[in-house]
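Please go over the structures that come below.
Consider the two complexes below, in which subunit A is the common component and subunit B and subunit C are the respective partners.
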Partner chain A sequence: MTDVTQRSPAPGLGRRIRRVFSDRPVIPLLILLAILMVVLEILRPGIVNERWIANTVKFAIPLAILAACQTVTMLTGGIDLSVGTVATLGAFVVSTQGMDAGLGWALLLSLAPALLIGIANGIGVGIFRVHPLIMTLGTSLIGVGFLQVYQRTVIATGTKVPDVLAWIGTGLTGGIPNSLIVFVPVAAFILFMLGRSGFGRLLYAVGDNERAARLSGVIYWKVILALYILSGILAWIAGLIYVGLIKAPSLSLVEPRVLPAVAAAVIGGTSIFGGRGGYLGTIVGAVILTVLATLLTVLQMPEGARQMLFGLIVLAVTAAYIRITADS
Partner chain B sequence: MASDILLEATGIAKHYGAVVALRNASLSVRRGEVHALMGANGAGKSTLVKILTGAIRPNGGRILIDGREHVVRSPAEARRAGLVSVYQEPALIPDLDIASNLRLTATPVEPFMKWVREMGVPDLDLRETARNLPLAILRVLDLARAIAVGPEVLLLDEMTAALPADLAEKVLAVVKRQGAEGRSVIFISHRMLEISALCDRATVLRDGETVGVVDIGPGSADRIVELMLGQKVERIQREIAEATPGAPLPVTKPRLSLRDVGVAGKLEGVSFDLMHGEVLGVVALEGQGQDELFGVLSGSRRPTAGSLAVDGREVRFATPADAIAEGIALIPGDRAEALLMQRSVRENVALPFSASFRHWGPIPLRRQNAVVGEAIRRLQVDTRAQREVQRLSGGNQQKVTIARWIAAEASTILCFDPTRGIDIRTKHEIYHLLRELAGQGASVLLYTSELEEVQLACDRAIVIFGGRVVDVIPAAIADEPTLVRAAYGLPRLAPGAAAPLPGATA
Partner chain C sequence: MSSALRRQAWVIGLAILLAALFVFTRIIQPDYGADGFGSLVRAALPFVFAVAGQTVVVIAGGIDLSIASMMALTSVTAATLMDGASEPFGIVAVAAVLLLGFLLGAVNGILVVVSRVPDIVVTLAMLFVWQGAALLVRDSPGGAASEWLKELVVGNLAVPGIPTGITDWVPKALILIVVCLAVVWIPLRRSRLGLSIYAIGSSSLAAFRSGVNVSRTKIVAYAFAGLFAAMGGLVLTMSTGQGAPIPGPYLLASVAAVVLGGVALTGGKGGLLGPVIAVFVLRLVRSDLTFLAVDPNVTTIVEGAIMVVVVMLGALLAMRNRQP
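Showing the complex of A and B:
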């Protein structure tokens, strides 16, 4: 970097800004976030306060965890569309078993479908080379089918969201969302994994050039299997937070958040073609999408128009972002 | 004399940007003649063929067919002008039956069937889907289809390369008859024996220029080799004399032993030893089985026959990871195959460290940086643009792929044409490095398409032709003419002896 600067001692302001952006892709995202908040404040003066921020963070956290699944899989050129089903399954099992089985047992039981689907995805993608889009869509549909049957069998027992999950999902302690207790370690783990661990390096390597990774001794299926299991576990965590936040487990608890999670990762600068990206950008992306949702609600538009505007903004932001952070 | 020239191409030039593929190529084919087109790798042979058949357009020059000037814009136009070609790969559409394939190219069925029978396939069913026929039959059909339209000029590009010997013979007989019947054939082949048996004359290309036309006869094979190499020999000789001569190879144990290794259809009965502390060259024309050999040794491909031993212990590689566990690493010919283009130099060099499951955890950055930094320094990789490998020059990219295995301390390195497309300085740095590694006890297998590299970097060279090891030549006598002869499957010249007739010893 320093050498490049030396070669061109007086670059224009535009180029210098570009360079900063391409070195630190999170900066333009933070600027965008600030702009959105300013717009919101102008439209509805006084809305941006402590309570609003806490509320936004509460909703952004499970989305950011779902987006973590997309980030790590996208780094290898994959995607995980089964996260919605996995999260819903986890939420559903924990709120139906929580009453008679005890919380610990219920948590463990709710982890099982997450692991199963993760393993199935990993085997399908890693060993049988099914395209991740198809594989995870398939396991997702199977999971949904299972969920419908399961729902019918437990319809008599009813559901109850465990208190601990409600506390984590909705509670505030001194104005700070409790879900940060879960999120901070999860985010730290993912950031460390991608930046400083051998496994993280392999995710980038496999996504950048699978053949090169193989020739360096990487065994592809092992990486992919571990990856999709990890994605399943992360989705499970997101499901537990969602059920604590929404407090009403339903079949469509998490499903509508899957594509926004993909969008968060993309806005955050992770390439769907693999090899490029990171989790910091994804977190900011998840916050941006959450703020955007509030903004559109504030505009009091009909639901259809809101959705259309949401889609357009996601496209525009992604296109602009890629341009801004591209190499000069 | 001029009237019996059927095809004449003069002053053909083609450049891609600043890269000149053809400078001034000419080709003159008489009526009724089988004419060989010869040239070493990169001489411009395939460019000339593509221009003649209309696949690409030249920047200059004229093509006359039967005295009339033709601008050939597409293979279909070449066909109308009377020039039909057959390539190394089958050309029938696999999912159509033979009859449909013939209709597609408006090929008359009667003559087609006549030629098919001629080449020893008596009962061909036209309703058969092309996919279901064996490769050898498909080749016969390709040739029959080409001849059936009665072309003025038939262009055969490496057509016999994939054929079993008995079929090749029949095909060659048919080709020879084309000449006798007053048609012309342009024949491209790596097999010098076929050329001496079949062709009347040969045009030799070198560095994009036609450097000579040789009448085939006694001694013509040597004359062709001489023309293909040109002045290059003297320059290289000087370079070799200047290169520090390696100490005589100490007697060591074999590091890697191959016994009768085969890969179906591509490699057969390959046996040799790669010694500790040796740089062993591999010389072969394109597609003689060297890709398969390197694939087998690096664990990317399983052999269908034979055995492989490392330090005397028999091994079987299922994946590259297995080979790497034995200290055997491949540096592939295509750098894009080895590098993570969007990642940093350091990450690229360090990649093998994270590969095994045991090292998936936290990276010991301090220790790793020390090792990686040392390898980068040793190779003098230009690290100014180290954040993304794709911004490096080709030479520096290649250095990164080599640095990777120096950092990983691989004891056996398989280099597949590592200096292709690299500047001369970096090339010499790489030769020097390979010698240095060998000096420290490592073993290097070096496939090279630039034959002078054998004397610049190797101790010995094995020559592969048609999937077999046909010669093992010590570097001291492995000059380019010797290697070219061997690579074309010709016998070695006895020192001081007169050039024997090609084919005389076969």
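Showing the complex of A and C:
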């Protein structure tokens, strides 16, 4: 900070705040989160307690993992809309095969569709250069079709959520959600990958200027293929946590959370055009959206008004964010 | 010249595909005739308007994820306005709903321009807003439609003097599609405004430097998408006789048909005819699969696969053409 003041002798307070915000985009988000929690506490005194926080974290974690898929793909200028289907497929297979095939086998089996869809996305986007939006929508449609067919064949056997997943999804140990066991390594991995690894730098490079990246020897299709497979695996993990959390595998288990996941990544400061952003902001974004959902529920508005407010707030936050971080 | 030819080639190819599909349908279902065609057109109706709206925005270099929500909102508004109202009031209601759609689209466009947030994010947020608004208007399906409006989409055109053998093949719904799209699209395409829409989609900087008001053109493009969405909403109300606040599967279908129809998602390329033919292709594939007694769930797989394969093929062709 002293550094900054030395370079420009008398910067206005506004400018200085701007600079801090654009250097550390997570700060304004944390402030927003704090404001939301204060508002919540005022509206319903006493609601912000340990149990509430644990509950919020529990719901924010799978959303944050889904949003991780969007963050990493958006860094290259892409998007992955097939995550809802991948996650649901994973959850569904695990809870139908878990009974007689054994958990390990069921997990392995449920990973297969995630990998297949990830590979298909990667090939379509990386080699055939199909627009990621279209490619992932297409594979998502195919996945939904398979899911419906599969659901019909297993309808007689019924479903059961494996106990381990239920424990991870809903359990608390000493007031701390068990799903952190999964989330902390996943988040650490993504943060490390984006910030410290060569692969992360390749993602930023491809998203920032694909031509330049190619000319400096990046093999585009390999990066993209690896990226979408990674995204599929992340979505699979999110699906497993969701099924443990909600405990009722259905065809629409994760689908309604795909667009909020995109919103979480966008609020978190990742540019949808690629090259800018990071995972820390996305995590805060996912928490903000979860708190926001509670807030809108507490206000006891009709469902319609709640959705309208949700949309408007996402838009307002994104617009404000772009203003704050753009020119400096 | 060659790019113009290629663009036309795509539409012609689609038309041939559609014709081939009709022949195929006739082979697997020998009694497929005027009735089948009529129900195909009626099933395609809302999709056609959804894709028309999406096409305008995509040509302008944007994308509208809120199109299905706008259809739901305009549909419930129409059904609520006409509920218990007199028949002539239906005309007022239709006009009001079309205006509403235009305004909804304009709001999308203004927000895109003013907020400087990418189109896809703005319309994603507005998807929730319009969907919420639809739920506020009516929280469960209901309402009513004027009788004359419902008549517009049922049955075939009957013109005295022309043998029914021909008129049987002209369902009223087809006339509705042609008239509505032509009335809006042809004047737009031929006007300065239409040219500007293509210009900003192709390169907004170049358009700006040639004196095009980029912001205004973008807002207008979104407004026209809203207008088409309102037509789609009205069609939904007409054919079901009520309005439902939950958006239908029109968003994905509209994006798919736009791409199949040869409109580049990067903007500035394509027309309206291609996407409309693409809608019919997709619908016909669906009914063919039903005739073949394929599990309706498998139909989704086939639809997705067609979309992916065709798009990959298109991308491959584009790459081939760029290389030599």
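Keep in mind that, in the parts below, the second predicted complex is superposed on the first by the 322 of 328 C-alpha atoms of A that agree within 3 Å, B and C clash if a C-alpha of one lies under 4 Å from a C-alpha of the other, contacts with A are read in each partner's own complex, and residues count from 1 in each chain.
Here is the rule we go by: contacts are C-beta pairs under 8 Å (C-beta built on N, C-alpha and C of every residue); 3 or more make two chains touch, one makes a residue touch a chain.
Note that the structure is predicted; figures quoted are calculated from it, not measured.
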| item | value |
| --- | --- |
| Partner chain in contact with A:135 - subunit B first, subunit C second, else both or neither | second |
| First (subunit B), second (subunit C), both or neither touched by A:160 | neither |
| Contacts of A:124 with subunit B and subunit C, given as first, second, both or neither | second |
| Which of subunit B and subunit C A:211 touches, first, second, both or neither | first |
| Subunit B versus subunit C as contact partner of A:199, first or second or both or neither | first |
| Touching partner for A:19 - first (subunit B), second (subunit C), both, neither | neither |
| First (subunit B), second (subunit C), both or neither touched by A:318 | second |
| Greater residue coverage of subunit A in the superposed arrangement, subunit B or subunit C | C |
| Intersection of the subunit A residues that touch subunit B with those that touch subunit C | none |
| Subunit A partner contacts - residues on subunit C that touch it in the complex | 63, 111, 115-118, 120-122, 124-129, 131-137, 139, 245, 252, 255-256, 259, 265, 295, 297-305, 307-308, 311-312, 315-316, 319 |
| Residues of subunit B that touch subunit A when the two form their complex | 298, 300, 319-321, 324-325, 329-330, 332, 336-343, 347, 350-357, 359-363, 365, 384-385, 387, 404 |
| Contacting residues of subunit A [partner subunit B, same complex] | 1, 3-4, 192, 196-199, 201-202, 204-205, 208-209, 211-219, 222, 226, 275-276 |
| In the complex, subunit A residues that touch subunit C | 79, 120, 124, 128-131, 133-135, 137-146, 148-149, 152, 259, 262-263, 266, 272-273, 302-312, 314-315, 318-319, 322-323, 326 |
